[in-house]
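First chain A sits with chain B, and in the next complex the same chain sits with chain C.
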Partner chain A sequence: MLTYFIRRVFTAILTLIIAAFAVSMLIYLVPGDPVDAMMGDSSSFVSPERVEEIRSQLGLDKPVYLQFPFFMANVLRGDMGRTIFGNEPVLPLLLSKLPNTLILAFAGLAVAILIGVPLGYIAAYQKGKFLDSILMLGATLGISMPVFWLGLMLLVLFSMMLGIFPVAGSGFGSLVLPAFTSGVIAAATIARMARSTMVEILQEDYIRSARAKGLSERIVLMRHAVKPSLVGVVGMIAHMFTWMLGGQIIIENVFAWDGLGQLAVSALLNREYNLIQGYILIYSTMVVTISVVLDLIYAGLDPRIRYE
Partner chain B sequence: MNKRKIDNIIEDLGQIEFDERASAKFKFKDIFSKVIFKNPSMAIGSIMIFLLIILAIIGPSIAPYDSQELNMSERFESPSWNHIFGTDNMGRDIFSRVLHGTRVTFKIGLASVGIGLAFGLLIGLFAGYSRGKLQNVLMRFIDILYSFPALLIAMALVAFLGPSTRNLIIAVGIASIRYYARVTYGVVLVERNKPYLDAAEIVGAGALRQMFRHLIPNIVPPLIVVATLGFAGAVLNAAGLSFLGLGVQPPTPEWGLILSSGRNYIIRAPWLLIFPGLAIMVAVLSFNIFGDGLRDLLDPKQQRKV
Partner chain C sequence: MGKPEKKGRALTTVVASNPTNIETLLRVENLDILFGTAKQHVVAVDGVSFKINTGETLAIVGESGCGKTVTSLSIMGLIPCPPGIIDNGSIQFNGKDLLHLKMEEMRKVRGNDIAMIFQEPMTSLNPVLTVGLQMSEAMMAHKGISRKEARKRAIEMLKLVQIPEPEKRMEQYPHQLSGGMRQRVMIGTALSCEPKILIADEPTTALDVTVQAQILDLMNDIKAKLDTSILFITHDLGVVAEIADRVLVMYAGRTIEEALVTELYENPIHPYTEGLLRAIPRLDQYLSADNSVKEALKQMPGIVPSIYKKIEGCSFAPRCPYARKQCGQERPVMKEVVPGHRAACWKPEW
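This part shows the complex of A and B:
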C-alpha cells in the first residue's frame, strides 16, 4: 500500500508540474504583444514604467527557456503576481473566492447524487419497461441541455415570476437555484452511468443465485446489487465533482454567485493573464488532489488495484 | 517472427475471410427490421439530424428576414405571425437569426470535431500500434488532459488566443483531442492482435501501411459513434463559451450569443432566451440520440453504456 501511495503521489506531482508548464507557456499563444493586449484601449494612459513592470511580472523580459523556471519559482513562493486593474495579489484573491465555489459545488453534487443515483437504479431495475424509457429520455434531455439555459429559465420562473428565490447574492436562498441547476445537469450523466452499472450487475449469476435461494427482493437488491455497484458510483461521483468545479464557470456567471468561476470569467474578458494562470493552477491542484484521494480509496476497497 | 507463428497465420487466413463476411453486420435491406423498428432512437435521431442539415444549408435563404437587419420600430415584439420567435432589442427577427445560427453551429461543430478527430486519431493510432515508450508517453499525456473538463481547456486556450469564431473552433477542437485519442487507442489495442495485421506484415506492409491501410478501415464504426457524440459535446461547449463572450463575436447569429445578449432583457423579452436555448437543445439532443442508437446498433453488448 505504501509503495502504491508513493507512486501515486509522485505521478500526481508530475501531472501538476506538466500542468504548470502548460500554463506558463499559454502566454505565448497571445497574438502580438501580451502586455499591449492586456492594456487594450487604455494603453495610452499607462506609463512606460508600468508596462515594463507588468512585462517583468509575467516573465516576458526573460528568454523563453527561463519562462517556466521563473514562473515555477514564483508559484512555489506563493507569488502568482498581481492583477493589472486594482493591483491586488492574485493568490489571496483567488483563495478568498474558493469557499463560495466549494459550497456551490458540494450543494450541486448533493442534488446530483440524490436525484441521479436512485433514478438510474430504478431505470435499471425496470429495464425495457415504460418507466425506464421515460427516465432515460429525461436523462438524455438533461445531458443535451445547455446549463446556462436551464439556469436562466429557472431564474425567470422562480425568481422573477414567482419571487421565491433571490435573483443574486450568496445566502442560502440564493444557493438553491444554482445548486439545483448544476445538480440536475450532473444527475442526468450520473443516472445514465448508474443505470448501465446496475444493468450489468443485475445480470450476474450471483444475483440469480441470491433470488433462487429465496432471499427477499429487498435484500437481493440492497446487499447483492447496490453494494458492489458502489465502487463504480463513487468513481463517477468524483468525476462529476471535478466537472462541477469546472462547470461553475458558467453557473456562477448566470446566478451572479461570487466565486472562482465568476472571477475567472471577468479575468478572461479583461485579459488578466496572471489571474487566469492562477485560476487554472488552483483548479488543477484541486482536480489532481481529488483523483489521488479517489485512487487511494479504490486501492483500499479493491486490493487488486494496488498490485497492478 | 518464427515459423510456427507464420504457419498459424496462414492457417487463420481462411478464417479471416469468413470472419469478415460474418462481421458485415449491417446490410441495407435490414434497414427497416434492424434500424427503424428495433432502434427507434436512431431513426428519430437521423431524421432530426437530416432536417437540421437541410436547415443549415437552405435556412438563411428561406429566413423571412435578414438576420442582421435592424428595425427600430419593431423592437421587443413578442412572438406573433410576423415574427414567430419575436424580435430583439434592435428589432431583429429572432426566428431568422436562429435559422441562420444552424449554419454557424454546424460550421463550428464540424470543424472542431474535424480537428479533434484528426489529431486524436493519430495519437491513438500511434500509441496503440507502437509498443513501449511512445505508447506510455502519449497515453500519459492524454491521461493528464483527461483530468480537466473540456470546457476549461477550451476556455484557457480562447482566453489567450483571443475570442473569435476561428479561435473558438481551434480551442473546442483541441480540448476534444483526448476523447478521440482514448477511444482510438482502446479500439486499436483490440484490433492489433487480430490476424489480419500479422497477415499484412507477412506480405511486407510497413508500419505506416499497416496503420493507415489496414487498421483505420477497421476502426471506422466506433469512430463514427464517438464523432457523433463528440459533435453534440462540441456544440454545447461552443455555445457555452459564446454565451460567456469568449467565442463567436456579435453580430454573428450564434445561438449561445443570441441567448447571452438577451440576458439584459430577461423580464421584458424572455423569448430572446427561450428559442435559441431550445435550438441548442434540439441540435445537441439529435446527435446524442443518434449516437446512442448507433452505438447500440454496432455493439449490442454495450447498450446504453456511458
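This part shows the complex of A and C:
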C-alpha cells in the first residue's frame, strides 16, 4: 500500500514537471515577438528599458534550452513573474483568487453529489419504470444544456424577475446560483453514471446471494450494492470536480464571481502571459492532486486495488 | 467419482427404517412459472410437484433450461417479477404457503429456514466486503445476535466447512480465496442459521473435478452432522449418485420421473431418463484393451423443444424412440408405476 502511494506520488510529480515544461514553452506560441505582442497597441508608450526588463523577466534574453530551467527555478522559488500592467507578483495574485474558486467548486460539487448520486441510484432501482424514464430524460437535458445558458436563465429568473438572489457579489446568497448551475449540469452526468453502474450491480450474483440470506432490502442496497458502485461513482465525481475547476471560467464570468476563472479570462484578453502560465500551472497542480487523492480513495474502496 | 460409502444415503436409510421420523418439510404442488407478460410469455415451469422430507437429499436433474433453477428460485421467492409470473400452484413449508407470504415474512424464511447456494462461487460473494462480514450478516439479521457473537459463530462455521486458519480468513476478501474455498464459505454462510433446507443450485459445476469431490464430501458430512435436508440441483448424473437419496428428473419445464436414486439408476421408466443413463460414458464400454474405440458415445437424437412452442402431448414425444400417436396428443401425468417410483409416460400402460 505504501509503495503504491509512493509510486503514485512520484508519477504525479513527473506529470507536473511535464506540464510545467509545456507551460514554459507556451510563450513561443505567441506569434512574433512575445513582448511586442503583450504590449499590443501600447508598445509605443513603453520605454525600451522597460521592454528589456520584461524580456529578461520572461527569460527571453536566454537561449531556448535554458528557458525551462530558468522558468522551473523561478517557480520553485515561488516566483511566477509579475503582471505587465500593474507590475503585481503573479503567484500571490493567483492565490488570492484561489479560495473563491475552490468555494464555488466545492459548493457546485456538493450540489452535484446530493442531486446526482441519489437520483442515479433511484433510477437504477426503478429501471424501465416511469420514474426512471423521467429522471433519465432530465439527465439528458442537463447534459445537453450549455453552462452559460443555464446560468443566464437562472439569473433572469431568480435574480431579475424574482429577486431572490443577488446578480453578482461574493456572499453566500450570490454563491447559490453559480453553485447550482455547475452542480446541476455535473449532477446529470453523475446520475447517468451512477445509474448504469447500479443497474449492472443489481444484476450481480452477489446481490442475489445477499437477498437469499434474507437480509433486509435496505442492507442489500446500502451494503451490498452501494459500496461496490462507489469506485465508478467516485471516479465520475472527481472527473466532474476537475471539470468544475476548469469550467469555472464560464460560470465565474456569467455570475461575476471573483475567482481564478475570471482572472484567467482577463489575463487572456490583456495578454498577461505570466498570469496565464501561472493559472495553467495551478490548474494542472489541482488536477494532478485530485487524481492522486482519487487513487487513494479507490484503494480504500476496493480491496482488489489495495492488495494488488 | 465412485465413492464406496455414501454417508448421506446411510443416514436416510436409518430415517426411512423408522417411519415415524419421516415428515414432509416442503411440498411443491402444480407449480407453473411463466416469463413475459400475461399475453405473451414462455412457460419455464409447467405443473411441477414434489416434496422434500426431513433429512433427505432430493436431486433435481435436467439439462440447461429445463426449469430446475427457476423452480428452486421460486421456493426462495427470488424470481424477479416482472418478468417472472408464478401462475399457479403452491409451495407449502411449515404449514405456510410461501407463495402467499408477505415480503417481510418471506425474508424471515430466506436464509433462516431455507438457505441457498449458487453455481458461481466466483461471483456469488461480494468483492468489496470481508468474508467475515458476509458470513455474519445472515445470523445478525435472523438470530438477533451481536456482531461479536455472530463473528464467533462464523469462525465455527468456517471450521465446520474445513477452511484452515478461519480467523485469518474472516478478515480477507473473496478475491484472496480459491474457487473451492469460496464455495465452502458460501456453504458455511448458508448453514450459519441452521436452516431446515439447503438448496444447492449446481454448487459444483464451476469447480474442477477434485474440488467438486471435496465439496460433495463436505456436503454429505455436514448433512450427517446437522440433519439438514438438501435440494440439490444438477445436470450431472455422476454427482447425483454421489449425494442424492431421491431423484426428480425434469425435461422442458415438466417433471417426468421420480424415484430413489438406486431404483432410478437400475430401472429407469421414462425413455428420457433411460437415454440419459445410457449416455453416461464408460471407459470399458467404449474402449477395448488396446485403446481403440469399440463404439461411439451414445446420444439421444433430436433437441429440446423450443419454449416458445406450446406442447400438447408429452414434451419428449418428438425424440422418443417408443412414441405412439397418443404421446403426441395427450399429456401424460406423473403416476406411481412401481411403489415409490413415479413417471410421466404412457409406455407402462401399453
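Throughout what follows, the second predicted complex is superposed on the first by the 299 of 308 C-alpha atoms of A that agree within 3 Å, B and C clash if a C-alpha of one lies under 4 Å from a C-alpha of the other, contacts with A are read in each partner's own complex, and residues count from 1 in each chain.
By definition in this document, a contact is a pair of C-beta atoms (placed from the backbone, for glycine too) under 8 Å apart; a residue touches a chain by one contact, two chains touch by 3 or more.
Since we're looking at a predicted model, the values are computed, not measured.
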item: Between chain B and chain C, more extensive residue contact with chain A; value: B
item: First, second, both or neither for A:H224, with chain B first and chain C second; value: second
item: First (chain B), second (chain C), both or neither touched by A:E204; value: second
item: First, second, both or neither for A:R50, with chain B first and chain C second; value: neither
item: Contacts of A:L269 with chain B and chain C, given as first, second, both or neither; value: first
item: Touched partner set for A:L29, first chain B, second chain C, both or neither; value: first
item: Touching partner for A:K213 - first (chain B), second (chain C), both, neither; value: second
item: On chain A, positions contacted by chain B and by chain C; value: none
item: Contacting residues of chain B [partner chain A, same complex]; value: 144, 147-149, 151-152, 155-162, 232, 236, 239-240, 243-246, 256, 259-260, 263, 266-267, 270, 273-274, 277, 280-281, 284-285, 288-289, 292, 303-306
item: Contacting residues of chain A [partner chain B, same complex]; value: 15, 18-19, 23, 26-27, 29-31, 37, 136, 140-141, 143-149, 152-153, 155-156, 160, 189, 192-193, 195-196, 199, 242-243, 246-247, 249-250, 253, 264-265, 267-269, 271, 273, 276, 280, 283-284, 287-288, 291
item: Footprint of chain A on chain C - complex, ascending; value: 76, 78, 107-112, 115-116, 118, 120, 123-129, 137-138, 141-142, 173, 175-176, 186, 189
item: Complex interface listing, chain A residues touching chain C; value: 204-206, 208-216, 219, 223-224, 227-228, 301-304, 307
